[in-house]
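By letter and in written order, the chains are A, B, C, D and E; residue numbering begins at 1 in each of them.
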């Protein structure tokens, strides 16, 4: 049979191709064809939503952002794996724990992890060392450290050509802003959605928003942080203009690249916690799903199981620097040899929590990100923001 | 009664310096963003983050162009876009010329109603019709073909082109058409041999609009043609960006490669088509 | 067979009746000239015949076919438009060649035919120009050329020479006459030029406000006008009209002059004995010497217009002003009295109310007779 | 002199077909357009309207159920619907006249007798040829408070820059400016074409009559441009009501949803939220809105006759 | 003061010289008629004076100001365009009122002035129409009306009456004459109509291919043409030209006829003794009876054209064909021989090579004299 697999072209389709080749040799008679469409999570979702709404059978397997399996399952667009994998619990337990949660809806495994991701705290090793400050464990420590260092660095007599920012994070109304909100919220031990029900803690939420707004007001973050998208954070940090940055794993490779002004001056750490809370990170990564309109669901599930196996996860980590979805691979010799910093990444990845697993995630996301953006832009107070957020979330997650 | 209406010579705005100044502002308004993209395409990424920002590239490099061509099959995108836009423009012009003629010249009872209906059609945002359109294209077996884009693009531009042409056709003296009919043309013969050539500025404008509409369109192109060999330019250019990365210089280079030749082409074409036209056939 | 016939032909624009039920038979190969005041419906009639204007009532036949519903192309006519209607985007050559090309004339035949017509019209050196680069008269000649390169069943000319100078007009007129004699096409020709009408026409049709006023040979319409309107419209300078009372001895004018009536005219005047009639006298039917004249009129010279070939003298006779054509060397003094003789038998008598010629049976008597 | 040529014998049946009555011919000429519209628009729109009467949310996991006017009722109570509608109308009211004036000015300038016409024409075309989605990105970047050329220029002029996207008003202003920039060339193109068909002799007559430039503009140019302007206005208004790409790429509707448009909201509901029923209802409302506007304009055209 | 003067006025289109250095002084309040063959540059000259066409060389003055660079609206002229150039979107009223409105005439004054002009032109009932709803002649009258509602320094008329019928043309012509007498504006008038030229003009300017051929009063250009061209161009039907040899007794024609020369003509002919000259005779200067005639010519009747008011007889005399104007009742038989008498002193003699009148010093002798 011919299987058509939808892969995003940003995630190294060339390397995936090799994985498919390996599959083809192991399963003669099955041919895998790659399809790509759009290069961002959003464009891919638009494309897939169109194709799937039209009940089109041309795709057999598709790669999904971690926030989407729930929605695809609810729409009936993906086929559960339970039958193929048998012992669901045992099978899923082998993955990083957050992924089991993200891919299991009402006891059904609706997708299998392809690779992992999470948000990290990047910091300027050199500057912390210069000012003799330890890597902050809490947001208030970070705030203090940032103030101290930026004051010194930007003060009179500094030789900097541009202003050093204390902290950069995502304030633009993009998906990243959802994580921005959730990081301190989660850190206070609260969840947004539990078993599909809204468990919104107004207090924690207010603190979260107030925290970020506080960074802006106190000058730790720049006043136009509401304009900052993920890659802006990366670029500014890379240009040497940022002390602390919250960002996904992809940034590491860039910071250490040849174009980088901060090569070898970068440290990576678990994100800070709220005072008295636990650190939490935001889970990213991508999953494989099988289309329910596929005419080759059997072969497709076999392929997905293969792609989601430790073997391929390792292969992709080594060859494409994609974070593995199995905890043990972070200590795997080959992996660490190929991508040394994965050693430091495991803590962060295990601290990562999945964003709310709900079919109506897109709506949840929309509510959170616009509120965060408005609060950061200063057109809404944190209190007002939380109030509005709660009201709207309640409507979505009754 | 000669030539088209370049304003006849008087002192106002004919002074060369003043005219140059006015032209300069005009050009600046239109070209500034394009120039900015051009400059950007010659800069390295770090230069973009320089504060205060730089205008002219400090260390011009063609590397971005190299990447634009090597990272993605840019020429292929261009070719696809060009062909899709060209074919849909020709088809649009043909269909809307016929319709416009019927509306402008034949005494139709429900003329206004038909006209409103045609316009009404364009009041539906395509976004909302994406899924049913996808189903239609699949049913017609057109997914991953140029036709899947050409058909909706015709419809996309049809209303505006029709309306433009109606207003132009109405401006052509009927006697010219009459003369052609007496000379032995059918109505359609008169339409294509006399009315259309005389409406050249209108036909041309409609053509540009149709072309650019097709050239610009993103959503359908993304949704209907997943085959990489059929990507159009707007979709293709998004491929330079990643989930998190937005390499402005490379994208700028791709944009320059994409826009400038087309705009230049249109301009050259326009000079030729429109400037050859003079009036002077009729007393009035 | 390319006779043309109009039966009760009508044209209305909204509530405006422009052509009011015309009946006219034009024989094959006949040259008919249509004249009438500006706005009387001449162009409209031509355009209906060409199929360019819808017919509001009645029918038009070309040969034996009713063409009311036939598209212009199939009526096989050629037309010179009053407003030229040249194709501004085509050169003069292309303008003239267009109909030949469209009608599928072999490409090799076209240039010589165009050339021939262009030479005849003196525009052969302009063939590469666009209409926008021509003078008014040149444009008109191109319009003319475009029609005559073809050999249609019917030619329609709408004031084709109005913008040409007298000399050129004379030449082209002669060429049209030759053309007509050579190929014998039926021609319908609108003109305001008296000489064109008189020299070209087999018959002249005089339209007035959408109605036919008179149809006849040039000689007939000139010499026996049916009405004051025709008398005044045909001929330049126009016929003079005076009021007179019919007395036993002849016509008595307000000025006191008496003109004796003889022959036909006397007979016509009998029923009007003692009543007023309108008398029409053409300017050229006066003469200065009264030898052999029917009688004389006396008036005061108001204006003298030397035209070179003639001199027009405006003469106040009673309340009216007469225009009298004199030889070029006549130079009567303005303000002086002048006696002019009326040539015998050259009077026209009209009923002052119906304005119809006394020659004709009165409408009521005609009715009575019928 | 050759024999009279008789041509009607050659009339082919196909050509005969075209000599149908006016109405017949009109039907024939309108047929291709009608067919295409039926296929690409009428059928999908029918489905859209149909869907708007259903509870059809693909994320609910529930089968579609007939909802009657429920979606419409929901919409009337939806504050975001009202906010986005208000934003859309604001953008329309600002950018349509804005683009008209700028476009008219551009067209008039471009129609001046320059020795070299192409640079002017090119500068008219480039904004139009720049893909919409990228125009938004480029202008978002121009208005960027750190790296934007707008603030850079302001700073060079001694004015401290604004954080455009931190303020509802400034963000809206930036969006409107961008839209005007991008769409005025559409206006200009159509108007320019109209300008080129005004016979020069009318200006000559007006010159002789003693009318100055301004007078000529109002008495000749403008009335004769009216059809072109109305065409441009109709479509500019419709596209303004459908404004999507530029705010989407510039602000994502932010801050908050203060610059979000109705089209963005529809897009969000259908493509992101997969709430097809509600999205369809929104689309229908938007359609009714644009139709209403169109009718007003068509009235204007008709009034002309 | 609104005299107009052209000094070495030139117009070229690319390499084509259309107007070739015209020198002309038009006095204030003078009525000058411009005639010449189609395409000779009449409209171009008018348009340069109006400021609508750039001047390629020389200068134009209105009054004392050089207006070369002045925009049309500052020249204070009114113009009737040959192609009308009506505003299609304005009603007839608005077309006519426009210039008044623009020039700031009080709103209350406008309607009566428009009404007056419209009535004079017979278009008062059309004031609410748009130009597209008018007949050709009606449009032309609107164009005329648009010009005459104003009282400018200079009127320019470019064949303003060409589409009107003879009667209407006569009326409007008279009105123009009155208008000129009443307000005394300088007028430059292009026409192809002989009668208009003769009756309206103070002076007639004859253009030929961009050059002035002759300037003079109507009487001068008609009776003493400077050249074959002027002789042939002014007057309709045109002057006849015959070749003859100057003998001692007079002119000997190829047909053998001899015409004795007397007075001036004899003097003019002296230097040409024994050589050929071109003889010009106007059609109206023949007569059927030879009493008192200078001599006779014999020819064969080829064509007889009855015009109503006259009859034209085409007479083959030797190689040439003469057109002879006869009274309307003359009906010579075609093919018959006919003897026509030439009125004494009515001949024009021209040098056969230079085609200039023998009256004038030959260019070479003029040079010698200078």
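Definition applied: a contact is a pair of C-beta atoms (placed from the backbone, for glycine too) under 8 Å apart; a residue touches a chain by one contact, two chains touch by 3 or more.
The model shown is predicted, which means the values in this text are computed figures rather than measured ones.
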item	value
Where subunit B and subunit E overlap in contact partners, by chain label	C, D
Between subunit A and subunit C, the fewest steps along chains that touch one another	2
Taking each chain's C-alpha mean as its centre, the one farthest from subunit E	A
Top-ranked pair of chains - ranking by C-beta pairs in contact	B-D
Between subunit C and subunit D, centroid-to-centroid distance (C-alpha), Å	57
Separation of subunit A from subunit E, taking each centre as the mean of its C-alpha atoms, in whole Å	94
Distance from the mean Cα position of subunit D to that of subunit A, given in whole angstrom	38
Residues of subunit E whose C-beta touches two or more other chains	52, 71-72, 81, 83, 85-86, 88, 136
Per-residue overlap in subunit B, given as positions that touch at least 2 other chains	1-3, 8-10, 48-49, 51, 130-131, 184, 186-187, 238, 277, 279, 282-284
Residues of subunit D touching at least two other chains	7, 19, 146, 199, 201-202, 204, 207, 271, 276
Residue numbers on subunit B that touch subunit C, as the complex places them	1-3, 173, 175-176, 178-187, 189, 193-194, 197-198, 200, 276-284
Contacting residues of subunit D [partner subunit E, same complex]	199, 201-202, 204-212, 215, 219-220, 223-224
In the complex with subunit B, residue positions of subunit D that touch it	7, 15, 18-19, 22-23, 25-26, 29-30, 32-33, 36-37, 39-45, 47-48, 106, 109-114, 117-135, 138-139, 141-142, 146-149, 152, 155, 181, 185-186, 189-190, 192-204, 207, 213, 227-228, 230-231, 234-235, 238, 241-242, 244-245, 263, 266-267, 270-271, 276, 279-280, 283, 286-287, 290-291, 294-295, 298, 302
Parts of subunit E lying in touch with subunit D, wherever the complex brings them together	47, 50-52, 71-73, 76-79, 81, 83, 85-89, 98-99, 102-103, 146
Sites on subunit A touched by subunit D in the complex	45-46, 49-50, 53, 71, 74-76, 172-174, 222-224, 226-227, 359-360, 362-363, 366, 370-371, 373-374, 376-380
